[in-house]
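Shared between the two complexes below is chain A, which pairs with chain B and chain C, respectively.
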Partner chain A sequence: MSVAPVLTVERLRVGYPGRDGSIEAVRDVSLGVDAGECVGIVGESGSGKTQLCLAVMGLLPSNARIDGIVRFAGAPGDAVRTVRGERIAMVFQDPQTALTPHLRIGTQMTEVLVHHRRIAVREAREAARAMLARVGISDPARCLRRYPHELSGGMRQRVLIATSLLCAPQLLIADEPTTALDVTVQAQVLELLARLRREQRMAILLVSHDLAVVAGLAARIVVMYAGRVVEEAPADALFRSPRHPYTAALIACAPNPDGPIPARMATLPGRPPGATERFAGCPFVSRCDRSVERCRHEPPPMVALDDGRRFACHEPLPA
Partner chain B sequence: MIRYLLVRLLGALPTLLAIVTISFFLIRFAPGGPFDQARALPADVVANLNAAYGLDRPLWQQYTTYLRHLAHGDFGPSFRYKDFSVTELIREGFPVSATLGAIAIAIALVVGVGVGVVAALHRGRWIDHATIGLSVVAIAVPSFVLLPALGLLFGIELHWLPVAGWDPTSIRDYVLPVVTLCLPPLAYIARLTRASMIEVMRSAYVRTAFAKGLPLRTIVLKHALRPALIPVASYLAPAVAMTMTGSLVVETIAGLPGIGRYLVQGALNRDYTLVLGMVIVYSTLLISMGLVVDVLIAALDPRVRLEA
Partner chain C sequence: MKAAAAPSPLLEAQALRVEYRAARGLLARDRVIAVDDVGFSLDPGETLGLVGESGSGKSTLARAILRLVPVAGGRVLWRGEDLLRWDRRLLREQRRGMQIVFQDPFASLDPRMTVVETIEEPLRIFEPALGRRERHARVLGMLERVGLGAGAMHRYPHEFSGGQCQRIGIARAMMSEPQLLVCDEPVSALDVSIQGQIVNLLADLQRESRIALLFISHNLSVVRHLSHRVLVMYRGRLVETATREALFAAPRHPYTRALLAAVPRLPRPGIDPFATPAPVAAALDAPAAPSVGGCAYRERCPFAAPICAALAPALEPVEPDHAVACHRLEAQAP
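Moving on to the complex of A and B:
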């Protein structure tokens, strides 16, 4: 971790004022992404993953209350907004709706280069064509002339990835990039991201609810629960010996394709606290089989270890 | 698309026939007739008139005769405007009404969309609240109140504009009628645009456009406006209908030589042929607007394809 981080997030909070008390989507999250590194963020729906990404990109709606620091090393004054789409790019969850329906792919791709690089449309088109070829689109020139609805989901996600890479960003935020795709396409897209990371030497912040998706790509994994980071560790260490009971439960729930087929899939009973709920202690207490009295009243502090692992738990699993 | 339009136009003919048939019998079953006056005419005079206009024959025969003439493009003679055929009346008045209506709708579109977009982008702020408030007023105040009120203020008090009258070469004569006609559809369009713009600005593809780092101007004009206009395009047909009904009142109050007044006058006078002629003109216009809307929506959204 000696490389300078491209992205630093410190004590980030995202909230929304609401009629029945305010909503807390992200509660005090800190993390860093080093240059060229792939960091995975894992957590179930509603754990604040997407809100975190949008906050980093500066794309939250205007009624969001944001607190904390987001620093991007590649930007003047470390502000993301000035380099958004150029040095920091984002790919969204649902490729079906993420492309403007009435504009041809060519238009939607070239406008990025024309705006950020101030080059001619013809040059931009050539660059877009080359990028489409790199993400594995077989007839890129034809694809440029297409409308989004004429492409399959996998092709659209490739187009979105290609678009985000046009300006060779230092950091790509991929928020559930494969969730809306079927399994074979999923694997192709992950493969593509891994290859592009090597080729372009860019950092990736890969967000997923699916540990398996993150496992193959990320060197470091951050586990989020109820808007907080509960554990962070190098990927192999995390899988080998999770310290936080929630991480352990997530790993236990992941289906094992090599093992015997269980009669019932393993599940985690209960639900996380809602975004409007306040809790004095650990957010996981109600679903945790290791919880003790202290977990209800006292928020567990983040413990950082030498091997790059940190976790927030009073009763961690043994190493 | 040409094929689609032809099929749709042919499909409109039965609709039109139904409208003509229903209107024909409705107006005939209304009490009174075209030659009733405060002082009753001598019976032999009425009989002569009835014979001259074919009213003495059985109703179904009159109906088939009317349809036969209609098929040749003949709307028949007016019962009350002596020596004028309905065709002549419409030919004279239509350009006036059409000019007024077209200007009103054009202004309503351009200004309404502009106001709606600005309100949507400033959602929750005073300019947005003002738009919503004023649009309620503009939709609620009827034209028979608005036009006299505007005439009182700008005509009689301020002497800026004429209250009534028509000189096709004088733009000043257009102002008050056009303003009165365009305000309700303008307000409607502003509200529609605002609502759909707010929705589109929340959509995933607009978020993608923001993530690309594009300036707000590009995002609004290039990515958001076109899909936001789809509900506005659908509203154009009702807007034309609204302008038509508005023109009945406006033309009567401002004393304009359009066709708007003919529908009401014709109905009150039991001027059978004139009423039917007007019904046909208005129905045709509305049915064609439906087609125009289809074509517009197909132009706005490449996913829509016009197939017969």
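Moving on to the complex of A and C:
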């Protein structure tokens, strides 16, 4: 690859001490994001997506046990603290709680610039105004004077995205950025992210439980299950021929707004294993319709193909 | 109660209007019209989908027909009787026929009550003569119907996943054998992989009990799967009503079209996910306060004309079972 990765995660583990044995939130995850690339991470709640993001950002609580390597554009892992908010930014799921309720939007937005860039407040305010206009806020000057509760959910999320972009980060981590939003606003936010990626060559790590949300934006998709990566592939290949049965099940479950209506919605029976569960074999075995005896005892190794795909399954679907 | 004739609707709303008073400064109060001149009917065993974005008034409408919020005008006929005229006692009696399932499966369950305590509560209210053993037998039967076993009875909500909590909420609502189940965003808080389970469960319950569903959701794919007819709401008014087939195959209102175009899609044969989406809205920000008079959608509508500001469009039939409130139908390509 000629492009240098902006983010490299190697053999990352995140665990917590718990009363009933330790909790393993992320179990041996490796992935990379290239400059200007959008990588999607998909998985059900509890699959470790958010813990992975927080680990990359260095925002995990102090009782977390972290093992492995997080490298940002060549800098060693410890350096994340110094680049957080400036070269890496994160947008969270819930735009209601991510803003401080008693501070005006302008105060919250300019704080970031004043802290990281040490520029004058007036200058920071102008930058904030310009960024609000870029994310499609129709009256940015007025928006700066408002409090979070005076804005709609879509406006709040766009304010958060604008805030995270003020320092022109090389990587934006977006954790379920549209889950709390209406479909029309969701479409606008996704379109905005696509535009920023194109125009600023900003890399995006887009996290969602909804394959359809990442489908329109991510060139590469990582599927997580029970804290592990079970499949990774270029988006078109993943949708055309998923190799891991879990990926195939997620695709089948995605509700379809077009085409014939089936008598019953496709479902994935059962639920993912809990974070305290240990498994000798494949974590998906209890829900898998292709499982064989060895899936119970032997963890499936990650198989990497030369077209950029990898998957961990003893009985993969045919290519 | 009068016995209803066979083809008559279970529930009918006529010119329903709900208003809130919103604070504006210290003393001034603004009147906000949350539901404006809404009419629809729902037959026994039918599923009516209700879609619209947050703030469109869909939840308020659902609460209004259950008399959970005060109604400012119009009528709500339950098997032909105006339930807005019922006194408290009659309302309480009749409520067993109309139940609701909420969006947040955790918040809608009492964390200090076991599953059996939660689910038997409607029985304690509506069938106080029932003994404990009989109540528990009924709870067990219902748990099995919603796909949870006897093992769930003495556990607490925090021991269950979101999908299982939603099953508990559905079991509680079904306990009084209602004829109407209002589902207010019942799958929106759930993983995509779990949504189908709850949708299939609702479909099964409807087939077994001929229960009518008012299914509120902003997820159009799920609404399409479950509904017989669909109402589209914008800023408190119905902008389009149609059968499921007509609404999804040939939507007429610009807002309905924008909603459908905005649904994220998986790449499927013949559909390019990277294709430029249809124009969603001319303006990104919906105005904070609805404009007075005229069509409420006009600020976002790419087809708006002077008449749209002058006159609120009425909901008018374009085909049998398909009505649209828009002045500019002829301006759009079909």
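Here, the second predicted complex is superposed on the first by the 313 of 319 C-alpha atoms of A that agree within 3 Å, B and C clash if a C-alpha of one lies under 4 Å from a C-alpha of the other, contacts with A are read in each partner's own complex, and residues count from 1 in each chain.
Please note the rule applied: contacts are C-beta pairs under 8 Å (C-beta built on N, C-alpha and C of every residue); 3 or more make two chains touch, one makes a residue touch a chain.
Just so you know, these numbers come straight off a predicted model, no measurement behind them.
The superposition on chain A brings chain B alongside chain C with room for both. Draw one line from the C-alpha centre of chain A to that of chain B and another to that of chain C; the angle between them is 70°, to the nearest 10. Once chain A of one complex is fitted onto chain A of the other, the partner contacts of A:136 are limited to chain C, with no touch recorded for chain B. In the superposition on chain A, A:44 makes contact with chain C only, not with chain B.
In the superposition on chain A, the chain among chain B and chain C reaching more residues of chain A is C.
When both complexes are overlaid on chain A, the residue A:267 reaches chain C alone and has no touch with chain B. Look at A:256: by the touch rule set out above, it reaches chain C but stays clear of chain B. Of the two partner chains placed by the overlay, neither chain B nor chain C lies in contact with A:276.
Looking at the shared chain after the overlay, A:147 reaches chain B, while chain C stays out of its contact range.
Closest C-alpha contact of chain B with chain C, superposed model: 5 Å.
Put simply, chain A uses no single residue to touch chain B in one complex and chain C in the other. On the side of chain C, the complex with chain A involves touching residues 53-55, 161-163, 191-197, 199-200, 203, 218-222, 224-225, 248, 258-268, 271, 273-274, 277, 280-281, 283-286, 288. Those residues of chain A lying in contact with chain B across their complex are 57, 59, 61, 83-86, 89-90, 92, 94, 97-103, 111-112, 115-116, 147, 149, 160, 163-164. For chain A in complex with chain C, the residues that touch the partner chain are 44-45, 136-138, 150, 152-155, 182-188, 190-191, 209-213, 215-216, 235-236, 239, 249-251, 253-259, 261-262, 264-269, 271. For chain B in complex with chain A, the residues that touch the partner chain are 202-215, 218, 222-223, 226-227, 300-303.
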